[in-house]
Amino acid sequence: MSKKKIATVWLGGCSGCHMSLLDIDERILDVAKLADIVKCPIVDGKELPEVDIVLVEGSVTSDEHLREILHIRKQAKALVALGDCAVTSNITGMRNYFDLKEVFDTAYVNAVSNDKEGSVPDHPELLKLRDKVVPLQEVVKVDFVIPGCPPDADTIFYVLFEFLNDRIPNLSEVKKLRYG
Amino acid sequence: MKNNSLPTDVEPAKTDPRIKLITAKIKKENYKPDALIEILHTAQNAYGYLPMNVLKFITKALHLPPSRVYSTVTFYHFFSLKSKGEHTCLVCTGTACYVKGAQLILNEIEKQFSLKPGQVSADNKLGVSVARCIGACGLAPAVVLDEEVHAKVSSEEIVNSINAKIAV
Amino acid sequence: MNRQDLQTIIYAEKAKEQNNKYKHKLCVCCGAGCISSGSEEVLKKLQEEVVTRGLESEVEVIATGCMGPCNQGPLIKFLPEYTIYQKVDCSNIKDIIQRQLIEKKPIEDLLLFADSRPKPFIDAQEDPYYKKQMKIALKNCGHINPERIEDYLVHDGYQALDKVLFQMSPEEVIAEIKQSRMRGRGGAGYPTGLKWESVYKYVSPQKYVICNGDEGDPGAFMDRSVLEGNPHRVLEGMSIAAYAVGATKGFAYIRGEYPLAIKRFELAIKQAKKLGVLGNNILGTEFSFDVEVRIGAGAFVCGEETALIASIEGKRGTPRPRPPFPAESGLWGKPTLINNVETFAGISPIINNGGEWYSDIGTPKSAGTKVFALAGKINYSGLIEVPMGTTLREIVFDIGGGIQGGGEFKAAQTGGPSGGCIPAEHLDVKMDYESLTSLGSIMGSGGLIVMDQSSDMVDVARYFMEFCMDESCGKCVPCRVGTKMMHDLLQKICEEKGTRIDLERLEELAVYVRECSLCGLGSSAPNPLLSTLRHFRHEYENRILE
Amino acid sequence: MPKISVTIDDKKLDVDVGKTILEVCKENGIEILTMCHLKGLTDVGACRLCLVEIEGVNKLLSACTTKIAANMIIRTKTEKIKRYQRITSELFFAERNHVCSVCVANGKCDLQKLGYKTEMNHIRYPYLFPECNVDTSHPWYVLDHNRCIMCTRCVRACGEVEGAHNWNVMNRGYQVRIISDFDTPWGESVTCTSCGKCVHACPTGAIWPKAIVQGQLEKKPEIIGELVEKRKMNL
């Protein structure tokens, strides 16, 4: 059996889910036996090749994220939403109660730390934020979700290991369903 | 209470004829708490809306918990906690009126007076609201301008009538 | 007043009517529709004109309730000729009086439907509009002055109450109603007799009768017209019900949007009390019954019986789960009978003519007649009453005069926001409870909105969902959040931003809200959506992003 | 007490008359999901989680408000009911702003537990993201509308048990909100006795005491029922 290819991606999130992923510790060797990690924020790799499984952390907050997730969907056989931000928009979604302009003004114009010239940065190289933050399933088909903020390492390992052994994981059955 | 200084907290004058009207109604209903809605109707008719101090007056008179009165007032569309304006324009958006262009009338009113349903102009001259059905479906679209039903109206006609009203 | 006194008055009034010095009766429609078109002015001018011409000894001018075709108003009717003039305004009053009463040559151009019929009928009863109708609940609406109890007495008013009080036991009254096979006209169609019987069976020192006049469906104004046109009929029905179930106190809950109906009903109560047909010891018997008016404050959900009860108790109008039904525990926890205005209006004819007479009208499962409020893209909108089982085609084309502007019939929405759409291929459906339900719609209270090809069915579904969302009381989750979600999804589809997944979610939610909601408002809220999905699915599909 | 026989989930049971289906199920160890029910308070049947199928009845009935009757055949865990319970749970989450990761009730929340029990791994419906206030005006307690599910347990605990009637519900439809007095800040309430019953009655992180940090919330909703029982005994 040829080795599977795994990738992990970091969209609008705090990278906590990736930290949790690192917490699988030595079990990474079990994963490595079955798969190659071809792209990950923590390893090098600029392009996303076609992969079997991709774990996506974070929600879709900008146009760039949208472009990226659509590309990911094309390249991946199984797309796994990793963590509450990817599943429910979680903390990143907390700006959705306000107008985007209000959010910018609060951060760049009215914040106490700003001097009088505080203004909203505007540069073509910068990300264009979307009006509302949405979880992954609002824009692409998601094959599996791992909620949790962050999901614990055991859960992440369980899901990866099941997928790598061509089994469909079930979080409820193993009592690993958790939010927050 | 903290904000006793606010004008809404000033007790309504006992000599106000409208308060007398409400007091009479409360007496007629025997101070029964279940007559709350009837009494609110009387107050709403007398004031055109339900000022907070009047609400507090009723609450006290009926010995009801404030939250009970406030929850009832906010449940029913008839009761308003804000002044509706000197002149009121009520656009019926019942099905028959909707099918016959009530939305166009609302759009035109918004264009001409910059008022959306539920809003009152800055000078308090005009208030715009919508009704779910005034039961004049044969006359669709219908608009009620200060109690007067304007039947089968066009948006221009109603704008003209409003202008005539608020010009006075 | 006792029984003899009432009979004396009735005889006197009837004698007055028979020895009537008047040759003509001129009825001016003062239903809410015609008043908005200016009929009160017309009434005044007509009275003046009659006096000016010295005809006051020959012509009696009276204000009546609704005559039916509201969009042709103001309407005036000459009796006994039954000649109806439409769109009367102050400028043509002189001519009408001159030609109709002096020259005896009616002005054909001004007759009812003159602008749409090749030749209008001088006797309007010959017109298919009236010919296809059968008036029971609306009988006398449009002939009598609703503000005079004497007018009602002349037309067998309070005879049914007299009959039940002196000749029938409560059990017999209930048996008669059961035999009539009448079903509640409020929408659900529960057999009226069974409802009465269940209230009757509960033993309690205090029971209540409530008349549900909180007609909230947009596009429905049957109850309004009955209350405005013949309030005593409803009052009599309530009294008979109270006698049958053993209640002594009644409430009429009338929408705040109907000030005229409230005014006339309150007047009717006053007159009835004065005459002794309401109040303590009615007609000298042991039976006492008093009625109070409660004014609705603008909440559609208060049409639901448990919410209506909460509202009469002066609370937020939120429904509570049934069972227990109001028959067992209703107003202030006491056994309570709640019927619709139109149901009560149908009671006295049943008592007068017998249950069998009523059960012979209509279809085997749905007896009697039903009042419909025709509106939308139809030529003659207004109020009609037809036997159950009349086809939709007859209603729209024979009575309603077809589609406005010669357009094409696309669908009819029955039952308002709780009902559904009936597409053109089902134009021959018989209008009765079962047939409408089988098409995914409901009879409802009787609103009937006709739509032509310009109507966008997805938008219609969105419109009704918005209504239900705004009117949801917010107590239970399926209705509170479900209607909002469905509305947002429909909005998305209307804006052509929806996907196939959205449509799937929408359908799943619709079934969920229907099955899980606490009350009838919630469980029927998805009906317009489900029925348009059933009959006009392609209109949704066309807007879906692939 | 006279007994009647009923069948619940294919189990034949002899039960006391006059009880609700929910009470009978609890006594017999049959789990029924609830949110708005709290022992000691009047049941309102608002959360629709306890809906059960009863043979011969064409609609689902709420177990908390329906009295058990002889020969009822009740099913509490059919596929349909489970599906509906999951949707209800999703709608709860989508309605307000439930961000578990930053919520004081995280890990101690009945709504979270409901999600696990209904196997809700994500929410299929778009979040509504309503604007909600947090009322911190009371010296000891906080009311956070973001976490409120409108179960009205606080309203009933305050009205029925404490008798203060500080809480009620304003507006209608999806705009309903819990209010104190005339929608005045809780700290300025003239009716609140600061008894704390609402805090214990609240199943989520909507009402909580200020003196705690995240994850340390300990609520004892059962004290409401115990209190009511004790009062009955004293009478």
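All chains are identified by letter, namely A, B, C and D, in their written order; residue positions are counted from 1 within each chain.
Going forward, a contact is a pair of C-beta atoms (placed from the backbone, for glycine too) under 8 Å apart; a residue touches a chain by one contact, two chains touch by 3 or more.
Predicted model, so just to flag it, every value in this text is computed and none were measured.
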Centroid-based (C-alpha) most distant chain relative to chain D: C
Centre-to-centre distance between chain C and chain B (centres being mean Cα positions), rounded to whole Å: 27
Whole-Å separation of chain centres (CA-atom averages), chain B against chain D: 35
Computed distance of Cα centres, chain D from chain A, in Å: 34
Inter-chain centre distance, chain A versus chain B - centres from mean C-alpha coordinates, in Å: 50
Junction residues of chain C, two or more chains touched: 299, 316, 470-471, 473
Residues of chain B whose C-beta touches two or more other chains: 68, 71, 75
Where chain A touches two or more other chains, by residue: none
Touching chain combinations (by label order): A-D, B-C, B-D, C-D
Contacting residues of chain D [partner chain A, same complex]: 93, 97, 99-103, 106-107, 112, 115-116, 119, 121-124, 126-127, 129-132
Sites on chain B touched by chain D in the complex: 1-3, 52, 55-56, 65-71, 74-75
Touching residues (chain side chain C, partner chain B) in the complex: 32-33, 35-37, 69-71, 73, 215-221, 224, 255-258, 294-300, 311-318, 373, 375-377, 381-382, 413, 416, 447, 449, 451, 455, 463-464, 467, 470-471, 473
Footprint of chain C on chain D - complex, ascending: 44-48, 51, 59-62, 65-67, 80, 83-84, 87-88, 91-92, 94-95, 124-126, 128, 149-150, 169, 171-176
Residues of chain A that touch chain D when the two form their complex: 81, 84, 87-91, 93-94, 96-97, 132, 134-135, 137-138, 142, 145, 147, 149, 171-172, 177-180
